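Labels run A, B, C, D, E and F following the written order; every chain starts at residue 1.
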Amino acid sequence: MQISARNVLKGKVKKVTPGAVNSEIIVEVAGGVEIVSIITKSSAERLALNPGKQVYAIIKASNVMIGTD
Amino acid sequence: MQISARNVLKGKVKKVTPGAVNSEIIVEVAGGVEIVSIITKSSAERLALNPGKQVYAIIKASNVMIGTD
Amino acid sequence: MQISARNVLKGKVKKVTPGAVNSEIIVEVAGGVEIVSIITKSSAERLALNPGKQVYAIIKASNVMIGTD
Amino acid sequence: MQISARNVLKGKVKKVTPGAVNSEIIVEVAGGVEIVSIITKSSAERLALNPGKQVYAIIKASNVMIGTD
Amino acid sequence: MQISARNVLKGKVKKVTPGAVNSEIIVEVAGGVEIVSIITKSSAERLALNPGKQVYAIIKASNVMIGTD
Amino acid sequence: MQISARNVLKGKVKKVTPGAVNSEIIVEVAGGVEIVSIITKSSAERLALNPGKQVYAIIKASNVMIGTD
(Lines give C-alpha, C1' and ligand atoms only; values in the text may rest on other atoms or scores of the structure.)
Protein backbone atom coordinates (compact mmCIF):
# COMPACT_ATOMS: atom_id res chain seq x y z
CA MET A 1 0.00 0.00 0.00
CA GLN A 2 1.10 3.53 -0.80
CA ILE A 3 -0.03 6.23 1.60
CA SER A 4 -0.72 9.95 1.23
CA ALA A 5 1.30 10.79 4.34
CA ARG A 6 4.31 12.79 3.18
CA ASN A 7 6.66 11.59 5.92
CA VAL A 8 7.58 7.89 5.83
CA LEU A 9 10.87 7.38 7.68
CA LYS A 10 12.59 3.99 7.53
CA GLY A 11 14.01 2.72 10.81
CA LYS A 12 14.22 0.00 13.40
CA VAL A 13 12.21 -0.50 16.59
CA LYS A 14 14.39 0.31 19.62
CA LYS A 15 11.94 -0.06 22.50
CA VAL A 16 8.29 -0.97 23.10
CA THR A 17 6.54 0.11 26.34
CA PRO A 18 3.02 -1.33 26.60
CA GLY A 19 0.28 0.36 28.63
CA ALA A 20 -3.33 -0.73 29.19
CA VAL A 21 -4.66 0.78 25.94
CA ASN A 22 -1.71 2.46 24.21
CA SER A 23 1.91 1.45 23.67
CA GLU A 24 4.91 3.71 23.25
CA ILE A 25 7.24 2.73 20.41
CA ILE A 26 10.72 4.22 19.95
CA VAL A 27 12.06 3.94 16.40
CA GLU A 28 15.63 4.73 15.37
CA VAL A 29 15.70 6.27 11.89
CA ALA A 30 18.50 7.56 9.64
CA GLY A 31 21.17 9.73 11.24
CA GLY A 32 20.65 8.03 14.63
CA VAL A 33 17.50 10.11 15.21
CA GLU A 34 14.92 8.59 17.57
CA ILE A 35 11.22 8.98 16.80
CA VAL A 36 8.64 8.29 19.52
CA SER A 37 5.20 6.99 18.55
CA ILE A 38 2.07 6.25 20.56
CA ILE A 39 -0.21 3.67 18.97
CA THR A 40 -2.82 1.32 20.39
CA LYS A 41 -1.45 -1.72 22.21
CA SER A 42 -3.58 -3.79 19.87
CA SER A 43 -1.79 -2.37 16.79
CA ALA A 44 1.62 -2.92 18.36
CA GLU A 45 0.70 -6.57 18.86
CA ARG A 46 -0.88 -6.98 15.42
CA LEU A 47 2.30 -5.61 13.75
CA ALA A 48 4.46 -7.75 16.10
CA LEU A 49 6.59 -4.76 17.04
CA ASN A 50 9.71 -5.83 18.90
CA PRO A 51 13.20 -4.34 19.23
CA GLY A 52 15.18 -4.78 16.02
CA LYS A 53 12.17 -5.03 13.67
CA GLN A 54 12.38 -2.92 10.50
CA VAL A 55 9.54 -0.41 10.42
CA TYR A 56 8.51 2.99 9.10
CA ALA A 57 7.57 5.99 11.21
CA ILE A 58 4.70 7.65 9.32
CA ILE A 59 3.59 11.24 9.88
CA LYS A 60 0.95 13.31 8.05
CA ALA A 61 2.41 16.69 7.05
CA SER A 62 -0.38 18.61 8.79
CA ASN A 63 0.85 17.14 12.09
CA VAL A 64 4.35 18.61 11.80
CA MET A 65 5.01 21.98 13.47
CA ILE A 66 8.03 24.19 13.02
CA GLY A 67 10.08 25.77 15.83
CA THR A 68 12.86 28.34 15.70
CA ASP A 69 15.47 29.41 18.28
CA MET B 1 10.45 27.28 25.84
CA GLN B 2 10.55 23.51 26.38
CA ILE B 3 7.73 21.51 24.83
CA SER B 4 6.05 18.21 25.72
CA ALA B 5 6.26 16.98 22.10
CA ARG B 6 8.62 14.00 22.11
CA ASN B 7 9.93 14.56 18.60
CA VAL B 8 11.97 17.71 18.02
CA LEU B 9 14.22 17.25 14.98
CA LYS B 10 16.88 19.86 14.20
CA GLY B 11 17.17 20.83 10.56
CA LYS B 12 17.25 23.51 7.89
CA VAL B 13 14.42 24.87 5.74
CA LYS B 14 14.78 23.59 2.18
CA LYS B 15 11.66 24.97 0.49
CA VAL B 16 8.61 27.09 1.32
CA THR B 17 5.44 26.88 -0.83
CA PRO B 18 2.81 29.42 0.24
CA GLY B 19 -0.92 28.91 -0.40
CA ALA B 20 -3.86 31.15 0.47
CA VAL B 21 -4.19 29.94 4.06
CA ASN B 22 -1.53 27.26 4.56
CA SER B 23 2.11 26.96 3.56
CA GLU B 24 4.11 23.81 2.89
CA ILE B 25 7.56 23.75 4.48
CA ILE B 26 10.22 21.18 3.61
CA VAL B 27 12.88 20.73 6.29
CA GLU B 28 16.09 18.73 5.87
CA VAL B 29 17.02 17.00 9.13
CA ALA B 30 19.90 14.68 10.14
CA GLY B 31 20.83 11.89 7.76
CA GLY B 32 19.58 13.89 4.76
CA VAL B 33 15.97 13.03 5.65
CA GLU B 34 13.32 15.48 4.42
CA ILE B 35 10.33 16.28 6.63
CA VAL B 36 7.26 17.99 5.12
CA SER B 37 5.15 20.29 7.29
CA ILE B 38 1.91 22.16 6.66
CA ILE B 39 1.47 25.25 8.86
CA THR B 40 -0.56 28.41 8.43
CA LYS B 41 0.89 30.95 6.02
CA SER B 42 0.69 33.43 8.85
CA SER B 43 2.98 31.27 11.05
CA ALA B 44 5.45 30.78 8.21
CA GLU B 45 5.68 34.56 7.86
CA ARG B 46 5.86 35.21 11.63
CA LEU B 47 8.77 32.75 11.95
CA ALA B 48 10.38 34.23 8.80
CA LEU B 49 10.83 30.77 7.29
CA ASN B 50 13.10 30.87 4.26
CA PRO B 51 15.46 28.34 2.68
CA GLY B 52 18.59 27.87 4.77
CA LYS B 53 17.05 28.93 8.09
CA GLN B 54 17.80 26.64 11.07
CA VAL B 55 14.57 25.21 12.44
CA TYR B 56 13.09 22.26 14.32
CA ALA B 57 10.43 19.90 12.97
CA ILE B 58 8.20 19.17 15.98
CA ILE B 59 5.83 16.19 16.16
CA LYS B 60 3.63 14.99 19.03
CA ALA B 61 4.17 11.25 19.61
CA SER B 62 0.45 10.49 19.29
CA ASN B 63 0.65 11.70 15.67
CA VAL B 64 3.27 9.14 14.63
CA MET B 65 2.05 5.89 13.09
CA ILE B 66 4.07 2.74 12.44
CA GLY B 67 4.18 0.81 9.18
CA THR B 68 5.74 -2.56 8.38
CA ASP B 69 6.60 -4.24 5.06
CA MET C 1 2.88 -2.06 3.74
CA GLN C 2 0.80 -2.71 6.86
CA ILE C 3 0.03 0.31 9.02
CA SER C 4 -0.69 0.74 12.74
CA ALA C 5 -3.73 2.96 12.03
CA ARG C 6 -6.77 1.02 13.28
CA ASN C 7 -9.19 2.42 10.71
CA VAL C 8 -8.56 1.48 7.08
CA LEU C 9 -11.79 1.84 5.09
CA LYS C 10 -11.96 0.55 1.52
CA GLY C 11 -13.68 2.84 -0.95
CA LYS C 12 -13.64 4.73 -4.21
CA VAL C 13 -12.67 8.35 -4.92
CA LYS C 14 -15.80 10.39 -5.66
CA LYS C 15 -14.41 13.91 -6.04
CA VAL C 16 -11.06 15.74 -5.91
CA THR C 17 -10.93 19.50 -5.26
CA PRO C 18 -7.40 20.88 -5.58
CA GLY C 19 -6.27 24.03 -3.75
CA ALA C 20 -2.88 25.75 -3.79
CA VAL C 21 -1.30 23.54 -1.12
CA ASN C 22 -4.00 21.08 -0.02
CA SER C 23 -6.61 19.03 -1.90
CA GLU C 24 -9.96 17.82 -0.65
CA ILE C 25 -10.75 14.20 -1.47
CA ILE C 26 -14.20 12.66 -1.08
CA VAL C 27 -14.18 8.86 -0.77
CA GLU C 28 -17.28 6.66 -0.86
CA VAL C 29 -16.86 3.67 1.45
CA ALA C 30 -19.12 0.72 2.40
CA GLY C 31 -22.77 1.47 3.12
CA GLY C 32 -22.68 4.53 0.82
CA VAL C 33 -20.92 6.56 3.52
CA GLU C 34 -18.81 9.50 2.28
CA ILE C 35 -15.50 10.26 4.00
CA VAL C 36 -13.82 13.64 3.42
CA SER C 37 -10.03 13.89 3.54
CA ILE C 38 -7.64 16.82 3.28
CA ILE C 39 -4.17 15.86 2.05
CA THR C 40 -1.43 17.84 0.33
CA LYS C 41 -2.01 18.52 -3.36
CA SER C 42 1.35 16.93 -3.96
CA SER C 43 0.18 13.63 -2.37
CA ALA C 44 -3.05 13.68 -4.35
CA GLU C 45 -1.00 13.97 -7.54
CA ARG C 46 1.59 11.36 -6.49
CA LEU C 47 -1.20 8.82 -5.78
CA ALA C 48 -2.99 9.83 -9.02
CA LEU C 49 -6.27 10.30 -7.20
CA ASN C 50 -9.16 10.66 -9.62
CA PRO C 51 -12.87 9.82 -9.43
CA GLY C 52 -13.43 6.08 -9.56
CA LYS C 53 -10.02 5.06 -8.25
CA GLN C 54 -10.03 2.37 -5.52
CA VAL C 55 -8.49 3.75 -2.34
CA TYR C 56 -8.50 3.41 1.44
CA ALA C 57 -9.46 6.14 3.89
CA ILE C 58 -7.01 5.74 6.79
CA ILE C 59 -7.60 7.21 10.26
CA LYS C 60 -5.53 6.84 13.45
CA ALA C 61 -7.80 5.83 16.35
CA SER C 62 -6.63 8.75 18.49
CA ASN C 63 -8.14 11.09 15.88
CA VAL C 64 -11.67 9.68 16.22
CA MET C 65 -14.03 11.43 18.64
CA ILE C 66 -17.39 10.19 19.87
CA GLY C 67 -20.64 12.19 19.92
CA THR C 68 -23.99 11.36 21.46
CA ASP C 69 -27.45 12.86 20.94
CA MET D 1 -24.61 21.38 18.47
CA GLN D 2 -23.43 21.32 14.88
CA ILE D 3 -19.72 20.71 14.33
CA SER D 4 -17.27 21.69 11.59
CA ALA D 5 -15.86 18.15 11.38
CA ARG D 6 -16.77 16.81 7.94
CA ASN D 7 -17.06 13.19 9.00
CA VAL D 8 -19.89 12.33 11.40
CA LEU D 9 -20.72 8.63 11.12
CA LYS D 10 -23.79 7.25 12.88
CA GLY D 11 -23.31 3.95 14.66
CA LYS D 12 -23.57 1.88 17.80
CA VAL D 13 -20.97 1.19 20.49
CA LYS D 14 -19.71 -2.39 20.20
CA LYS D 15 -16.99 -2.53 22.86
CA VAL D 16 -15.40 -0.29 25.49
CA THR D 17 -11.91 -1.09 26.87
CA PRO D 18 -10.92 1.25 29.69
CA GLY D 19 -7.27 2.03 30.52
CA ALA D 20 -5.86 4.25 33.27
CA VAL D 21 -6.19 7.50 31.29
CA ASN D 22 -7.63 6.57 27.88
CA SER D 23 -10.39 4.21 26.76
CA GLU D 24 -10.72 2.39 23.46
CA ILE D 25 -14.17 2.51 21.92
CA ILE D 26 -15.25 0.33 18.98
CA VAL D 27 -18.21 1.70 17.03
CA GLU D 28 -20.11 -0.21 14.35
CA VAL D 29 -21.29 2.15 11.60
CA ALA D 30 -23.21 1.67 8.34
CA GLY D 31 -22.21 -1.26 6.14
CA GLY D 32 -20.96 -3.23 9.17
CA VAL D 33 -17.76 -1.15 9.25
CA GLU D 34 -16.01 -0.93 12.63
CA ILE D 35 -14.41 2.35 13.68
CA VAL D 36 -11.92 2.40 16.57
CA SER D 37 -11.61 5.51 18.73
CA ILE D 38 -9.32 6.43 21.61
CA ILE D 39 -10.78 9.05 23.96
CA THR D 40 -10.10 9.88 27.59
CA LYS D 41 -11.60 7.48 30.13
CA SER D 42 -13.24 10.50 31.70
CA SER D 43 -15.09 11.32 28.42
CA ALA D 44 -16.18 7.71 27.98
CA GLU D 45 -17.72 7.83 31.45
CA ARG D 46 -19.26 11.30 30.98
CA LEU D 47 -20.98 10.13 27.76
CA ALA D 48 -21.97 6.84 29.45
CA LEU D 49 -20.60 4.80 26.57
CA ASN D 50 -21.67 1.19 26.78
CA PRO D 51 -22.26 -1.53 24.18
CA GLY D 52 -25.47 -0.86 22.24
CA LYS D 53 -25.54 2.91 22.76
CA GLN D 54 -26.23 5.00 19.65
CA VAL D 55 -23.30 7.30 18.94
CA TYR D 56 -21.45 9.17 16.20
CA ALA D 57 -17.82 8.62 15.23
CA ILE D 58 -16.51 12.11 14.43
CA ILE D 59 -13.37 12.77 12.39
CA LYS D 60 -11.88 16.06 11.19
CA ALA D 61 -11.10 15.85 7.45
CA SER D 62 -7.46 16.88 7.99
CA ASN D 63 -6.98 13.67 10.01
CA VAL D 64 -7.98 11.35 7.15
CA MET D 65 -5.20 9.96 4.98
CA ILE D 66 -5.55 8.14 1.67
CA GLY D 67 -3.89 4.86 0.73
CA THR D 68 -3.72 3.04 -2.59
CA ASP D 69 -2.79 -0.54 -3.47
CA MET E 1 -25.05 16.60 20.38
CA GLN E 2 -22.56 16.03 23.19
CA ILE E 3 -18.97 15.35 22.14
CA SER E 4 -16.12 13.39 23.74
CA ALA E 5 -13.65 16.26 23.10
CA ARG E 6 -12.63 17.56 26.52
CA ASN E 7 -12.08 21.16 25.41
CA VAL E 8 -15.18 23.08 24.28
CA LEU E 9 -14.55 26.82 24.61
CA LYS E 10 -17.42 29.25 24.12
CA GLY E 11 -16.62 32.34 22.08
CA LYS E 12 -17.43 34.58 19.17
CA VAL E 13 -16.06 34.55 15.62
CA LYS E 14 -13.67 37.48 15.14
CA LYS E 15 -12.37 36.90 11.61
CA VAL E 16 -12.81 34.45 8.71
CA THR E 17 -10.12 34.14 6.02
CA PRO E 18 -11.19 31.82 3.19
CA GLY E 19 -8.66 29.95 1.03
CA ALA E 20 -9.30 27.58 -1.87
CA VAL E 21 -9.86 24.49 0.30
CA ASN E 22 -9.42 25.60 3.92
CA SER E 23 -10.54 28.67 5.87
CA GLU E 24 -8.88 30.24 8.87
CA ILE E 25 -11.26 31.16 11.69
CA ILE E 26 -10.27 33.37 14.64
CA VAL E 27 -12.50 32.92 17.70
CA GLU E 28 -12.38 35.14 20.78
CA VAL E 29 -13.08 33.10 23.92
CA ALA E 30 -13.25 33.96 27.66
CA GLY E 31 -10.55 36.25 29.04
CA GLY E 32 -10.04 37.89 25.65
CA VAL E 33 -8.03 34.90 24.43
CA GLU E 34 -7.98 34.33 20.64
CA ILE E 35 -8.10 30.78 19.29
CA VAL E 36 -7.16 30.13 15.66
CA SER E 37 -8.80 27.25 13.79
CA ILE E 38 -8.30 25.83 10.31
CA ILE E 39 -11.35 24.03 8.93
CA THR E 40 -12.51 23.27 5.40
CA LYS E 41 -14.00 26.22 3.53
CA SER E 42 -17.03 24.03 2.97
CA SER E 43 -17.57 23.64 6.76
CA ALA E 44 -17.13 27.37 7.34
CA GLU E 45 -19.89 27.99 4.78
CA ARG E 46 -22.17 25.23 6.10
CA LEU E 47 -21.95 26.66 9.65
CA ALA E 48 -22.39 30.22 8.24
CA LEU E 49 -19.36 31.46 10.18
CA ASN E 50 -19.18 35.24 10.16
CA PRO E 51 -17.74 37.81 12.58
CA GLY E 52 -19.91 38.12 15.69
CA LYS E 53 -21.43 34.62 15.50
CA GLN E 54 -21.47 32.66 18.78
CA VAL E 55 -19.45 29.47 18.40
CA TYR E 56 -17.40 26.91 20.30
CA ALA E 57 -13.72 26.15 19.69
CA ILE E 58 -13.44 22.37 20.15
CA ILE E 59 -10.16 20.57 20.79
CA LYS E 60 -9.49 16.87 21.51
CA ALA E 61 -7.26 16.55 24.60
CA SER E 62 -4.72 14.41 22.74
CA ASN E 63 -4.05 17.42 20.48
CA VAL E 64 -2.99 19.73 23.30
CA MET E 65 0.73 19.96 24.08
CA ILE E 66 2.34 21.54 27.13
CA GLY E 67 5.23 24.04 27.06
CA THR E 68 7.31 25.44 29.92
CA ASP E 69 9.65 28.45 30.10
CA MET F 1 12.11 28.51 21.10
CA GLN F 2 9.29 30.03 19.05
CA ILE F 3 6.75 27.60 17.61
CA SER F 4 4.51 27.69 14.53
CA ALA F 5 1.46 26.58 16.56
CA ARG F 6 -0.98 29.49 16.51
CA ASN F 7 -2.48 28.77 19.91
CA VAL F 8 -0.17 29.19 22.91
CA LEU F 9 -2.25 29.78 26.05
CA LYS F 10 -0.53 30.80 29.28
CA GLY F 11 -1.79 29.05 32.41
CA LYS F 12 -1.04 27.02 35.49
CA VAL F 13 -1.14 23.23 36.00
CA LYS F 14 -4.19 22.30 38.10
CA LYS F 15 -4.02 18.50 38.11
CA VAL F 16 -1.82 15.69 36.79
CA THR F 17 -3.23 12.13 36.41
CA PRO F 18 -0.54 9.65 35.38
CA GLY F 19 -1.36 6.44 33.48
CA ALA F 20 0.99 3.70 32.29
CA VAL F 21 1.99 5.46 29.05
CA ASN F 22 0.08 8.76 28.97
CA SER F 23 -0.72 11.40 31.58
CA GLU F 24 -3.68 13.74 31.69
CA ILE F 25 -2.82 17.35 32.51
CA ILE F 26 -5.43 19.98 33.41
CA VAL F 27 -4.27 23.56 32.86
CA GLU F 28 -6.15 26.64 34.03
CA VAL F 29 -5.73 29.50 31.54
CA ALA F 30 -7.06 33.07 31.37
CA GLY F 31 -10.71 33.64 32.25
CA GLY F 32 -10.74 30.57 34.53
CA VAL F 33 -10.98 28.27 31.49
CA GLU F 34 -9.65 24.71 31.97
CA ILE F 35 -7.77 23.02 29.14
CA VAL F 36 -7.22 19.24 29.23
CA SER F 37 -4.12 17.76 27.62
CA ILE F 38 -2.95 14.20 27.10
CA ILE F 39 0.82 13.85 26.76
CA THR F 40 3.19 10.96 27.39
CA LYS F 41 3.94 10.24 31.03
CA SER F 42 7.60 10.59 30.12
CA SER F 43 7.05 14.19 28.89
CA ALA F 44 5.07 15.07 32.00
CA GLU F 45 8.00 13.89 34.11
CA ARG F 46 10.65 15.57 31.94
CA LEU F 47 8.82 18.93 32.22
CA ALA F 48 8.28 18.32 35.97
CA LEU F 49 4.58 19.10 35.66
CA ASN F 50 2.98 19.54 39.07
CA PRO F 51 0.02 21.57 40.32
CA GLY F 52 0.84 25.27 40.42
CA LYS F 53 3.55 25.20 37.74
CA GLN F 54 3.33 27.94 35.08
CA VAL F 55 2.90 26.37 31.64
CA TYR F 56 1.51 26.95 28.17
CA ALA F 57 -1.22 24.88 26.52
CA ILE F 58 -0.16 24.65 22.86
CA ILE F 59 -2.54 23.72 20.03
CA LYS F 60 -1.93 23.61 16.26
CA ALA F 61 -4.69 25.54 14.45
CA SER F 62 -5.51 22.54 12.22
CA ASN F 63 -6.55 20.65 15.38
CA VAL F 64 -9.23 23.16 16.39
CA MET F 65 -12.80 22.47 15.26
CA ILE F 66 -15.74 24.85 15.39
CA GLY F 67 -19.19 24.07 16.80
CA THR F 68 -22.42 26.06 16.68
CA ASP F 69 -25.65 25.79 18.66
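Throughout what follows, a residue touches a chain if its C-beta (ideal position, glycine included) is under 8 Å from a C-beta of that chain, and two chains touch if they have at least 3 such contacts.
Just so it is clear, the structure is predicted and the values come from calculations on it, not from any experiment.
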{"item": "Number of steps on the shortest touching-chain route linking chain B and chain E", "value": "1"}
{"item": "Interface numbering overlap (same over half, different under half) for chain B and chain C", "value": "different"}
{"item": "Most widely separated chain from chain B, with each centre as the mean of CA atoms", "value": "D"}
{"item": "Chain D on chain F, rotation in degrees - Cα superposition, rounded to nearest 5", "value": "120"}
{"item": "Computed distance of Cα centres, chain E from chain C, in Å", "value": "23"}
{"item": "Where chain B and chain F are represented by their mean Cα positions, the distance between them in whole Å", "value": "21"}
{"item": "Sites on chain B at which at least two other chains make contact", "value": "1-6, 19-20, 22, 24, 36-40, 42-44, 47, 56, 58, 60-63, 65-69"}
{"item": "In contact (per the touch rule at the top): chain pairs", "value": "A-B, A-C, A-D, A-F, B-C, B-E, B-F, C-D, C-E, D-E, D-F, E-F"}
{"item": "Chain E-facing residues of chain C, complex", "value": "17-20, 22-24, 36, 38, 62-63, 65-69"}
{"item": "Of all residues in chain B, those that touch chain A in their complex", "value": "3, 5-9, 24-25, 27, 29-33, 35-39, 43-44, 47-49, 53-69"}
{"item": "Chain E - residues contacting chain C, complex", "value": "1-5, 19-22, 40, 42, 60, 62"}
{"item": "Residue ranges of chain D touching chain E (in the complex, touch as defined)", "value": "1-6, 37-40, 42-44, 46-47, 56, 58, 60-62"}
